[in-house]
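Remarks on the structure that follows.
Each chain carries a letter (A, B, C and D) given by its place in the written order, and its residues are counted from 1.
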Amino acid sequence: MNKLKVVTIGGGSSYSPELIEGFIKRNDTLPIDELWLVDIEEGKGKLEIIGNLARRMIKKANADIKVFTTLDRREALKDADFVTTQFRVGQLDAREHDELIPLKYRVIGQETNGPGGMFKALRTIPVIMDIIEDCKELCPDAWIISFTNPAGLNAEAVFRYSGWKKFIGLCNSPIVIKHRIAKLLNLDVEELRIDFAGLNHMVFGLHVYYKGDEITKEVISKLGEYNENLSFSERFETIPYTKEFLNTLNCIPSPYLRYYFVKQQMYEHAFEEASKGGSRAQVVKEVEKNLFEKYADVNLDVKPKEIELRGGAHYSDAACNLINSIYNNLCDIQIVNTLNNGACSSFRDDEVVEISCVITKDGPKPITMGRLPIMVEGLCRQIKSYEIMSAEGAMNGNYSTILSALTINPLVQDETVAAAIIDEMLEVNKNYLSKFSS
Amino acid sequence: MNKLKVVTIGGGSSYSPELIEGFIKRNDTLPIDELWLVDIEEGKGKLEIIGNLARRMIKKANADIKVFTTLDRREALKDADFVTTQFRVGQLDAREHDELIPLKYRVIGQETNGPGGMFKALRTIPVIMDIIEDCKELCPDAWIISFTNPAGLNAEAVFRYSGWKKFIGLCNSPIVIKHRIAKLLNLDVEELRIDFAGLNHMVFGLHVYYKGDEITKEVISKLGEYNENLSFSERFETIPYTKEFLNTLNCIPSPYLRYYFVKQQMYEHAFEEASKGGSRAQVVKEVEKNLFEKYADVNLDVKPKEIELRGGAHYSDAACNLINSIYNNLCDIQIVNTLNNGACSSFRDDEVVEISCVITKDGPKPITMGRLPIMVEGLCRQIKSYEIMSAEGAMNGNYSTILSALTINPLVQDETVAAAIIDEMLEVNKNYLSKFSS
Amino acid sequence: MNKLKVVTIGGGSSYSPELIEGFIKRNDTLPIDELWLVDIEEGKGKLEIIGNLARRMIKKANADIKVFTTLDRREALKDADFVTTQFRVGQLDAREHDELIPLKYRVIGQETNGPGGMFKALRTIPVIMDIIEDCKELCPDAWIISFTNPAGLNAEAVFRYSGWKKFIGLCNSPIVIKHRIAKLLNLDVEELRIDFAGLNHMVFGLHVYYKGDEITKEVISKLGEYNENLSFSERFETIPYTKEFLNTLNCIPSPYLRYYFVKQQMYEHAFEEASKGGSRAQVVKEVEKNLFEKYADVNLDVKPKEIELRGGAHYSDAACNLINSIYNNLCDIQIVNTLNNGACSSFRDDEVVEISCVITKDGPKPITMGRLPIMVEGLCRQIKSYEIMSAEGAMNGNYSTILSALTINPLVQDETVAAAIIDEMLEVNKNYLSKFSS
Amino acid sequence: MNKLKVVTIGGGSSYSPELIEGFIKRNDTLPIDELWLVDIEEGKGKLEIIGNLARRMIKKANADIKVFTTLDRREALKDADFVTTQFRVGQLDAREHDELIPLKYRVIGQETNGPGGMFKALRTIPVIMDIIEDCKELCPDAWIISFTNPAGLNAEAVFRYSGWKKFIGLCNSPIVIKHRIAKLLNLDVEELRIDFAGLNHMVFGLHVYYKGDEITKEVISKLGEYNENLSFSERFETIPYTKEFLNTLNCIPSPYLRYYFVKQQMYEHAFEEASKGGSRAQVVKEVEKNLFEKYADVNLDVKPKEIELRGGAHYSDAACNLINSIYNNLCDIQIVNTLNNGACSSFRDDEVVEISCVITKDGPKPITMGRLPIMVEGLCRQIKSYEIMSAEGAMNGNYSTILSALTINPLVQDETVAAAIIDEMLEVNKNYLSKFSS
């Protein structure tokens, strides 16, 4: 059995203990020899805390994984087998801007699909491109597994512009949906299979099977009932639709659909929370502060329970299962962001989709899913157009391109508003967006 | 030369004198023998005014067209060669609701693409279906040319549900765009050719040619400049985009694009106008009152100049040219709503598009146009999905269907808001929407 | 664990002992309670021989499967879980005509893809349709697994005309190709995975993986070398192409490709063999005679070795693995004939393809394969057109339809020749083709 | 009105007088100032004969066109508006090889679609590429109208490899079909319109209209009847199918379809003719000899009647009408070889098709035609694959590529036979195919 070298870019992230626990649990089939945690100067302190926690966790588990921490990405990437990315350019301060500035213009910020997400992508894509250039030189056979949001848009840029093939964009949301459905219907999550197709944060569960039998209708019906008994604020985090809507849609929507089809209420909710200082970035900052205090405790040698407050549930499962299936050529089914190649007829062959795939050593092979429901096909196509244009803008640094991209974003739909948001966002992001400075 | 029988359903419309003038002008090549103007009981007075004006106009022009007025549609349809429709179910009162009620919910009403348009379609489609059933029996070889709005949505319903093939949805907006461009660049409109593709009220001039030479870039540039020198309120009726936006779009958008991509301002404008009693329906009511006073004048024997205030410029050209080209198998190029059949790769074969066609005796034959610009492809697909679902709702009378259709409308995007609008609209439209009453 | 009822139509086939052995071997995971072997009056003797052999085999293996033999198909189908078909209408005499008559007209007979195959389909499809009608009534939830040739054409007819969804056409040729490659490169067949796409008997191995690593180039190169050292007659049964051809093709062709691209030599070979009394039907008759003598031996209680001479290697594996994976929702990858649904972009959604699928309890889910190599895409499309028209002919009994179908068959390509073959074939098949008699 | 410069490459062709007559007739609307006839050294004598005849014809007609003859192609191309090509590399000797060598191997030679056509393409494409390189430099705005066969394959190569957009492949066969139908049904050819789609020499008249009314069924029925009364040898030049076949096909096939679907008889006919010294090349040589004697007569100042024996009827109409419509932006409908761009859904966007187009100053705009009949779709796709691979072979000079291309040609279908033909053809064509010499 070969020994594996895994590199995690953004290793100082508060998510890392979950990932490390995942590697430890799979140590039997996934013989990781070296785990390199990489971060930048500003994250040095956190990186060391995580590195030490990782070593304590591994020791406690009696696993045989060597942990390295470094600020030198190239040293880490040399001969890597898997590279995972989970960094956040501009950290939580940038996220705060992403979420709050658009609200001033009556637009939901949304750090993935909205204007916030576009700026996150503009900051992130150049860094991913740099990493890939390093990989071409230092580890040309490595798989890059990217959790960095917006996962779909970033993957679109990579497949369109980098020439690198072994890249997978990964998001926990399909797994989260699966767990919610299991909980809602009181089912064993292991026996649940969902045919997913769509885009990152805009994925649809077209068919749900339990022990192989289709239960889609029952799930839709249960979702509809469940929502009936809750107030909007109670259910807005999940899938806040009426029975009528879900029945016509006839599949399980991503929770993010609410930003598009319960838009006024979502805006009002976001505005209200922000007014109370409760933007997601603000909340997360507090959580992270507490988490790192925990992580630094030299007596801690397991993943602490409090990590659940951080969000990102099942990220570790998603990532470790994917790496494990590739390494062992398991041919099991997982949901990832990859080239469509005809799998979902609502998208073109060379567009990135989030879709159920057979995971092989040669990468993900999408399962044919047909067409998305017409209710959401056009919306998804418009989001894909927005992603393609945003990716183009990230590469060419052209103001017109990002203005047009943001104008067509279904959360914006107004050129004047888009221009105002962009102007203010460019200003606060100027350290990360030198391409747009001239 | 055969003698032709033309039937106009909604003959009492204020537009009719324009149509009649068009027939008179083309009398040499279009030998109309009988023109039947049909209306309903409530429109009897106007119908008689129009009938008499028509007879005076024809007499004055020394044309040889017999004019009949009737409330008996079936009598009129017997052996017709062409049937034109220009009726408005619920008349201008219904339009007023269409425009004003959605505004209460922060949604643009818009009597074609917005919630207003959906209710106009719900009122109209059953009537068109009835007319077609009569035609199957009484004039199975007739062409039906429909100007009734929403022209694209109505045509979608007809092709999807009626089994009738010889149906064309017609709108003046491509001709209007052509005239505006001619005026803007000071060109001879006769020498201008524009490749149009898209949907009704969402059509795009992909290429503009003058005397055969492509001038698309010049037109885009001129449009951008023109807009620069106007305030938003001055330019909102046309194509209120910046140079940057138009350059990236790289084609000539329908003015209606402003509802989707200058949405906040359009909403504010509509809201302001409505507050001042200036909804389009309210304005038109006043215009119509004055027009019919004119029409009734027994000394009037030509189309009065004041008809221009009514809007609908070039409607007569669009209609008469189309009928003339079909009758004479002219094989010239006109823009109509017909089945896509592969002409624009952004739509499916069996979807209705508004597109440049060769007009033959066998009907319109679309010219291949490739793909819409990605900036608007998804939006157009979402509008098409909305149209398909609205058409389905008009046929099945199902509340869930229209709720879902309106929720996905890019002007609405909110299920709760959609439900509120629908509930109020169903109430005020109950006389016309018996299908939804149970 | 539920008890399963399996019904085999054409149970008196010489293949049956292989199938029975397959069920016995999988008894742990596939709890078959009742196995019903069905045949027709003419096959009664063979049916009893097979039934008794089956009982001896089961007893010897200590398995708990009850075997029933019957001529009453409806009795057998009642509440069946799986129905397999392996009958041959007209038996080997019909096959002899299928193979020999076309040769008179300088056309390869070929009992699957050629004129012989068309007549086999014309005889078979009506029987399959009858079986399905029975299933609709007696076992509406059963899966029908059909090995009856031509497997692709029959499946096309079923999906196009029967309304029955749970139907899978199955052929051993993908497994045979896999075994040949394993043998050629001396590899463990269990570690070999091939991405297959195409049509039955015209399937292509687009990518070959060993332990997850792609080895397509090596396989192509080895195949080319292997052929170089053999005379045509030695290699004609496999894949008799030059290195140049295989390199340009860039995938692994089905052996049946030789009928289309080494056509003159295949014709000459078939003609020569037939002259010596060696048509495949003639050979098989002799083999079968001997086999049934063996089967009748009351001391025989295992599958006899001589069955290998019959051909159809790995049929049992194909069938039993498929049934096992459906029953246990294994989600492994197998190659079957099912609706394309976008999986291979060379075919339309509603056409049947032979393709790598994930096998679930809900049936096969094709893996996306992109486009066939252009070298063979057109040929495959023409074969599909031939299949569609032949299926139509089998349903409508129209002489023009089958004349046109056979004319466009790439082995025929001549209307006069097609007519001559059809006329003679209709005569000898008249007992089975009453639809064409009037 | 601008003065036009037209250049004809291969000006010494026996077809030229027809072209010149066409220009003279259209002199009013097509103000050609200079006509340059270009040829190569070997054609110098013929070129001068044609040049002088042209001058006499123009003088006689009182037209104002200056005629230049030259062997210096670059001098001629300078500032050209239209370039027509009608040269034949290797002249009629090469054609004789094209037709006769394949017959030795039981394969129809066929100077367009068969092995003969492939070698004609291999000789021609490099010359066209050279001409285009000159045009890029000397007349970058010129339209190139190419009559050189195989017109479709050459155009495929140009669009795929040259980067030149203003290229149109032209063939007289759609016009010939139109005239035959007019004659067969005794109709005014001017009032006939046929919707054509397909490939060069494999085009289909999907719908036939007379004065705008569809008469497709009548035409098919008449064709079927007509054939019934003729022996095969009498009808083989046209469309030798039975009623049954034509009814199922349900459109008007190109006469060349007979090579694919009456293949055995076509082969026998070709073989017989060749045995009698009657290959088409041999016949044409004799005709040409006599024609040039006529042309040289200083008293001849009109196109001689004997030119009709040469074949190529209506070539002049096709060419002059096309040039006239482009120059005058007529927007009439003509059938040309151009990029598909979605017009016929049986082909991909970037493949060249022969299709009804609106002819504008900006070039041909295909009319949407939907899908070819399934009976011939696969065949056409296979021919297109053969064309694409042959074009690739013409560019890369790779033996494997042309071996594979010829093997998949529906007239060949045998690798061993393809190799034998290619080897012999490469030998006799070695002066023209230096790319393949190494």
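Assume contacts are C-beta pairs under 8 Å (C-beta built on N, C-alpha and C of every residue); 3 or more make two chains touch, one makes a residue touch a chain.
This is a predicted model, so every value here is computed, not measured.
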If you take the chains that touch chain A and keep only those that also touch chain B, what is left? none
From the centre of chain A, which other chain's Cα mean sits the farthest off? D
Between chain C and chain D, what is the gap in Å from one C-alpha centre to the other? 44
State, to the nearest whole Å, the distance from the C-alpha centre of chain A to the C-alpha centre of chain D. 57
Mind pulling the chain D residues that touch 2 or more other chains? none
Got a list of which chains touch which? A-B, A-C, B-D, C-D
Please output the residues of chain A touching chain C within their complex, sorted ascending. 193, 195, 207, 209, 211-214, 329, 331-333, 341-345, 349, 358, 360-362, 365-370
Inside the complex, what are the residues of chain A that reach chain B? 106, 232, 241-242, 244-245, 247-249, 260-265, 374-386, 388-389, 399-401, 403-404, 407-408, 410, 413-417, 419
